[in-house]
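Several structures are given next for inspection.
Consider the two complexes below, in which chain A is the common component and chain B and chain C are the respective partners.
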Partner chain A sequence: MVRLLRYGTIFGPLKDRWRYLYKRDLYKRRLEAGPEPERFRSALINWNYDAELYACTHRFGEKLNIESLRNAMTDASFLKQIVKQRTEAGLAATDQTTLAFTHNQELAKQGKQIAEDFLQKALHYWYPKFPQEGIEAITKFLLSESTIADISSGLGFKTLIRCDIPSPRPTMLTNALFAFIGSINENTGRSRAEVFVADFILTHLVGKDINEIWQVKNPMGLLTKVLEENGRQAPESRLIWATGVSSVLSTYVVGVYSNKEFLGKSAGATVSIAEEMAARDALRRLFETDEKRAQIPFDKLYKKGLLLDK
Partner chain B sequence: MSQFLRRITSLPIQSIRSFHSFDEVTPAKYISTRLKNGVGSRYVCQLQRLTIQVCKEFRTSFGTRDWIANDLIKFAREHPYVVVYVQPRRHRAPNLVGEYLAGDRQWIPLSNCDREKVNWWIHSLLTQKGDPQWRLLKQMHTDSPSVQGIWTPFTNKPIDRITRTYPDKDLTEMEYPQITATQQIQELFEQQKLNKTS
Partner chain C sequence: MAFNKAQQLATFSRVWYLFDAKWQCPHMSGERIARILRGEHKPIYYPGESTGDCVIAINTRHVALRNDAWRSEALHIKREYAKTRYDIPLFKLHELDPTKVLHLCVLSCMPSDSIRRYDMARLYTFPDDAVPVHLIKNVCDQIRGSRVIPKRLDDLTPNDTKTFPQMFKWPKELVLDDLDRDKFVRVVPPEEIPKREVMLGQRAGKQNYWFHVPTSRHEEVKIN
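Showing the complex of A and B:
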């Protein structure tokens, strides 16, 4: 048997027979008891929910009403649990309607709408030539449950959410973050909520390539379509260089041209791979989303002229 | 040796106050921030709640008691985003427990620390990310590679090489940026000739 716990070292080596037996018995009992059950953070003695909410409003520099924040942090499952408890205790349905708070579903819906609108606007502003389809794909990635749940747990909502299980599920975390955005909108206005989205959701794009987030299956087809829309001739691919053709490490460099005008080029192990990658390179150059492009100025989106019309 | 000693003593929790031996190979990582903190227009303090466990009687808590009496109110006013709990525990050692936004926890024993040192440790917890302390690696890495891209044998290769017919006269001729040694000597020789005649 692997020894998971110590029999005891602070009393020195277990020379006494009685002490050895005593420790061994304790050890067996601890194993039988199994792992500790997961507990709510609020079950510990150092917990003051009002103080936590007060700190939460100051953490992000938002002036929120505490009651509004309390509603934003209340999950539907918590309300359901309370209603169930009251029913079991024998309270009538009329008494159950007198709860002082509601759950965050409505606020979350509102917050998600704000986030979606703002992200699309910001991406359109910074990547004006990127097609609508791609911008929708990036917005979908940023608002996906895994991304938002990660952001939400990183902002410390994990312990603040009131729900029926100790570690909230991703849907609960997502709802809490969107509801927080919704309550900022209600308390201090839409622009403030949008700055919050820019600071915490849009920054998830740092270090990520947006061309890889939007997966194009047929780049040459898309390139043809884009060129047609712009009134240019169809793309032609030409072999620029080739080395090691008969070896394992063969390399082909293929360029894509439209009416003898250079669009993009790339290398590949076979001609078809190189051609596909060249088409992708051409798309990057056309959409102005290649690596040379500057990052989104996350802290200066408003100063740079976005949303000045408001 | 230190690894052996540590195995015998087998401390249950490693506080960041513990001694680090450079002989050991410990886990390492790159320095990073949670959620690109500070990239947007605001910085979020990662310390969520701070619990100060203190004894009212024992001498080991004298600095901690001092700090609570003199600096706690000021600290709480300056940092309203940290929830501070003070937990009096009779006849036990003073501790500092910081809980962070990402769910991490840092524990620091404050036995026999004076007021200044207590303040130092509290601000140490306040300004960190809160993840377990590991060796930090130097970041020889970039998210945005060079403008030119990765160098290949084809980078900056003149493109007219495929349109030429070989053997090509232009390519076989050598270009000398400076005059050669032979030419230099010839020039000197001619100058000497001129000097002699004049």
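Showing the complex of A and C:
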């Protein structure tokens, strides 16, 4: 039955010796040729850059000027490449200034500033007791190259970016996203840009614990400092219970108290670990960022404009 | 350590319980202990998972069986060949291994699946209140017994009987000496009490008698 089925394939069975040798040779040649070089998406025939840009504006529901978007998606390396090509072609330096577009460095700087300001404002709004240092750490995490590049490639900027290599580097992806925010700001105003940041960058916090993004080196020291500032007594840690002390799965539960008032508690495999974790727990209860605290209500942010503005 | 690790540790750590079996019914305490050994008292319990806790049972020598169970109930041991089974009455079994009765009661409360052995391995039984230090260090909590241990009459001091609340006052004419029980009731001497026959084994043959009683996994106690 198998044989019957294979008669119908394109080349038939490898019954003949010559056919076997021929296919083996083809296989070897393919291996010798190596992998295919990366190509620009624009090198393919079914590529219409203007249509892609137009689709991009509609994908996010933004009314953007196409030229502005084109500038936002143009990397500095692309411009450099063009200048180089023109120099090689023998064009004078004066002619090169008259290009119809610029690169996105300025826009990116502007967009990054907007995003940073907005994120700090939003985090201050939702976590009013969280210290400035922590908010800066979270903002830094959200605006870090890896995060932003991840978001940017997820939004489909990978093919839209004009640069000198087929698959853009994380820096280029980052710049493109920030420049997109900048161009929204230029075209439709700052509030729309902020909404974009809230939609696509702030939502990266979903499922993440902001207490872990901000890594405190010495939680007990910070707790002492915070309590001092609030005029409370120094923290005191006590063992609440322990079980299986001499077993492999030993568990200690340590609580932290200030003037006999409960601050927080946590479990740990040893007393020192449990104490450290209890201090962290006390900190997040003080900062009101513990797990009982509700998430940022992303779905209710824009019932009537951005909630922050009220 | 992350927060979720701490939570996981607090959720899945094995809690060590202490159980004082003194004057407790081994059947009822067996139910409780089996539940804890299997982890059924936890919200995370799932039949296939090993979520049970550890239990240290002390004073198993002093368990209180119901009715006449010490005499009338027995451990039935079936050996491989025909007519080789024999019984060990519980009082005799208790003499041989004071932890065996409680152990068997707990075992009988568990479903007979393959996990049972691993759950039972988390039960530590001791005949008296002497527990090795490395085990008693682990203990975190205790299981409440099903029975309240009463105070025995011979434990009472004269001061206790004097201060015990009286419901009424005795009339002055009453001679309290008459209340002495032995004046009116004959104390039956032990010779007159009818003797109960204790059946050791099914029949009184050599075949049916018990020679070797395995008390634990590692040692055998030989009884002459």
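One rule holds for everything that comes next: the second predicted complex is superposed on the first by the 278 of 310 C-alpha atoms of A that agree within 3 Å, B and C clash if a C-alpha of one lies under 4 Å from a C-alpha of the other, contacts with A are read in each partner's own complex, and residues count from 1 in each chain.
One rule holds in what follows: contacts are C-beta pairs under 8 Å (C-beta built on N, C-alpha and C of every residue); 3 or more make two chains touch, one makes a residue touch a chain.
These figures come from a predicted structure and were not determined experimentally.
**Student:** Check the residue A:245 against both partner chains and state whether it touches chain B (first), chain C (second), both, or neither.
**Tutor:** In the superposition, A:245 touches chain C alone.
**Student:** Can A:253 be said to touch chain B (first), chain C (second), both, or neither?
**Tutor:** both
**Student:** Classify the contacts of A:268 with the two partner chains as first (chain B alone), second (chain C alone), both, or neither.
**Tutor:** second
**Student:** Report for A:228: first if it touches chain B alone, second if chain C alone, otherwise both or neither.
**Tutor:** A:228: touches no partner chain.
**Student:** Does the superposition put A:16 against chain B (first), chain C (second), both, or neither?
**Tutor:** neither
**Student:** Which chain makes contact with more of the residues of chain A, chain B or else chain C?
**Tutor:** Counting residues of chain A touched by each partner, the higher count goes to B.
**Student:** Return first, second, both or neither, reflecting whether A:277 touches chain B, chain C, both chains, or no partner chain.
**Tutor:** Second partner only.
**Student:** Based on the superposed arrangement, let me know which partner A:212 touches: chain B (first), chain C (second), both, or neither?
**Tutor:** After superposing on A, A:212 lies in contact with chain C but is clear of chain B.
**Student:** If you stack the two complexes on chain A, which partner ends up touching A:48: first (chain B), second (chain C), both, or neither?
**Tutor:** first
**Student:** So, A:67: does it touch chain B (first), chain C (second), both, or neither?
**Tutor:** Neither partner.
**Student:** Where on chain A do chain B and chain C both make contact?
**Tutor:** The overlap between the chain B and chain C interfaces on chain A comprises residues 241, 243, 253, 267, 291.
**Student:** Sort out for me which residues of chain B touch chain A in the complex.
**Tutor:** 8-10, 34-36, 39-42, 44-45, 48-49, 51, 80-83, 85, 87, 100-103, 143-145, 147, 149, 152-154, 157, 159, 162
**Student:** Give every residue of chain A touching chain C within the complex, in rising order.
**Tutor:** 209, 211-212, 241-247, 249-251, 253, 266-269, 273-274, 276-277, 280-281, 291
**Student:** Spell out the part of chain A that touches chain B in their complex, as residue ranges.
**Tutor:** So the residues of chain A touching chain B come out as 6, 9, 45-46, 48, 51-52, 54-56, 58-61, 151, 153-156, 158-159, 195, 198-200, 202-204, 206-207, 240-241, 243, 253, 267, 291-292, 295, 298-300.
**Student:** Which residues of chain C touch chain A once you look at their complex with the stated criterion?
**Tutor:** Against chain A, chain C makes touches at 1-3, 6-7, 9-10, 12-16, 54, 134-135, 137-141.
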